[in-house]
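Below are the structure tokens for one structure; questions will follow.
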């Protein structure tokens, strides 16, 4: 099959593949270049190498099962996709999430945003041959992932944020680990500022390369750090505040020229702001009763005891249920029995808990939003991550469409690199932070 | 005398390493193995187009000045015995090549497009 | 109240083109006739509203309805900080409408994706090809009648041991 | 001196030499790539086991790490990259999607990389933790040590 560029190319210019399995192409983007020496005359971007049929799978899974797919969309900042998906459904169900769960969601999505920017700048710097920055950033990301793993149980694909709240409460020692992560990230940010900000090589590779005017950025539907690097102030956290973002004060860094260097600088500043938000969240999060793993009856004994009368003693839960005990449950989960699993103690001992738990997971029951459609968007690592869900009243979404910010960023790559050298593709592509999971869906 | 042994050992070492690779590596061929590697994607043009002359020019200039540096090594070894004239000879040698460098620079051989 | 204002103004400006306007969950939605898309959108891009950003374009497949494909556009105005949803429904046999590429540049890829997944054609699109699937992929995956697991491998797959 | 004693001794030495000098080609497509980054970097260093040198061309690598989901459109590219690798070569399928298609059982995804290329080591997990990837590497090194190495210098059809 002949590509568009093969038809348009004039015979004596060289046609080159910058194919899917290329270290700088994040694994699954193919750029076909028509070259005159090092100069790019024409290029064609081909995507779809990581198309995993997400939207078709959504029509065959229940709302609860789809949570795990949302982690793998923008796999660099998975918790933000979780928040987006879950809040779209909560908007449909008009479910009220408790205060502490909202603060935990903000804390987790900001940590996830920092790890997103760290990974993006690590890849961009490594592709411009600054390998030290790659090692520093991934080291800082390890500390953040330790905090995420301690709270959610998984380093990256957590599916920790559930419909109605969060899966488990924060660990008792979370302030120390979060402070440590914030401190380490600040140290690394200072090092990277020192390494790259006035680095002659990095400047000559990123200053005034991949220039994007504000009008073009809007015409391409850019959102997120890349749009802000052209000077337009549009951030979903400020434009349509959700969760508790309106109570936290943070400002939005803006670039002036909209070239690679500005995108790099906006991301570095945004990490600074996210660290500020994390610290404010630590200070303002409403207290919750100390979590203590009750060591009382075994579940089997509790069930036998509950047949006679309500068992007085506490029940020993399995360790992976830590954080979701009954006394903590009402702080981290909404209390609307139709859409929420009851705490395990009630599911073991009381008949209502058992029935609602069973009904939640039974085929055809569970979470069934009313007929209709809804669109809700959150500020993801690369821009506005929007979910458009059409529900027909059954427990499976009739249609789920994801507004992927990366699709709009990559659509403009052909114009950004026209007439430039081959070596300019790498920093331009790197600074846009193209994540194929959400682009190809 | 020992200079001979030094060259012998290192020469043999080089030969052994190269031949071991040729001898011990299993040789299995398949149709795709001999084709050029273009990130795995299907090829956009069948034959290889001639490269623009600019690449050749840069390669040649690099070769020229690289060879110039090679002559400094033996000179540095015997620099002590030659006392006076060593510097003059090297300056003349360097000057000629510097003139060539400035000529290439002014001719614009180093500008890319 | 202020929210309803835009919907009423659109209704007055294009009485015959607008089918109905509603605001489910507080999101303003305008239902249009297929031919009216370009004119309404150009009207909305101008001064008072400045809907200058095309957020999203997608298609929903309702096989049981006679007008099968429902195109959903989300546009956003930076000045008013407001989102608007435009919906059009297209019958299956004549599933084509005019393309928005002259107005927005990201419409190019979004329309290619809608064509790839649903088979909706866009007049005036520079090169309407498949975006995600490969060229000789038969069928449109996101249509309801396309089976979930019908794979069309490009190379002969081995029986895994 | 029995003839096969020399052969087995030589085989052992060859296995030991190849086991500790693996150059890997990270064929990264999706989310497991983030875990590969952590494995390759300072915290869980892959270089401690001799496989740290990342080569981005199949000509210079002998271990192909298939990391992430392989879609139908990506399968022929993976096949070409595998064919163009120099002998002796091994393949490690990292992540549930590479091992068996993972959570994506639909029209777009190849259900397991062994439908495209022969695989030596399967590393489960979605994504696998860096320790599991390193454990998979150690198992591959045991396999190379015990493997019967082919060192005839005549060209043979593969």
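A, B, C and D are the chain letters, set down in written order, and residue numbers restart from 1 in every chain.
The rule is simple: contacts are C-beta pairs under 8 Å (C-beta built on N, C-alpha and C of every residue); 3 or more make two chains touch, one makes a residue touch a chain.
Predicted model, so just to flag it, every value in this text is computed and none were measured.
Peer 1: Based on CA centres, what chain would you say lies at the far end from chain A?
Peer 2: Result for the farthest chain: B.
Peer 1: Approximately how many whole Å separate the CA-defined centres of chain B and chain C?
Peer 2: Comparing mean C-alpha positions, chain C is 58 Å from chain B.
Peer 1: Averaging over Cα atoms per chain, report the distance between chain A and chain D in Å.
Peer 2: Centres of chain A and chain D (C-alpha means) sit 30 Å apart.
Peer 1: Determine the centre-to-centre distance between chain A and chain C, using the mean Cα coordinates as centres, and give it in whole Å.
Peer 2: 25
Peer 1: With chain centres taken as the means of their Cα atoms, state the distance from chain B to chain D in Å.
Peer 2: Centre-to-centre distance between chain B and chain D: 34 Å.
Peer 1: For chain C, write out the residues touching at least two other chains, lowest number first.
Peer 2: As it turns out, chain C has residues touching two or more other chains at 133-134, 141, 146, 148.
Peer 1: Multi-chain contacts in chain D: which residues touch at least two other chains?
Peer 2: Only 73, 76-79, 81, 106-108 qualify.
Peer 1: Where in chain A do residues touch two or more of the other chains?
Peer 2: Touching at least two other chains: 19-22, 48, 51, 53, 56-57.
Peer 1: Looking at which chains touch which, would you call it a line, ring, star, complete or other?
Peer 2: Contact map by chain: other.
Peer 1: Give the pairs of chains that touch; include all such pairs.
Peer 2: Per the contact definition above, the touching pairs are A-B, A-C, A-D, B-D, C-D.
Peer 1: In the complex, go through chain A and note every residue touching chain C.
Peer 2: 1, 4, 47-48, 51, 53, 55-57, 59-60, 91-92, 216, 218-221, 232, 234, 239-240, 372-375, 377, 384, 386, 388, 390, 398-399, 401, 403, 407-408, 410-412, 415, 440
Peer 1: In the complex, go through chain D and note every residue touching chain A.
Peer 2: Residue positions touching the partner: 27-31, 33-35, 37-38, 41-43, 56, 68-69, 71, 73-74, 77-78, 81, 103-104, 106-109, 126-127, 129.
Peer 1: Which of the residues in chain C come into contact with chain A in the complex?
Peer 2: Interface residues on the chain C side: 24-25, 27, 52-56, 58, 60-61, 72, 74, 78, 81, 83, 85, 104-106, 108-110, 113, 117, 127, 129-136, 141-142, 144, 146, 148.
Peer 1: Within the complex, which stretch of chain C touches chain D?
Peer 2: It comes out as residues 133-134, 141, 146-155, 157-161.
Peer 1: Given the complex with chain C, which residues does chain D contribute to the contact?
Peer 2: 72-73, 75-76, 79, 105-108, 110, 112, 114-116
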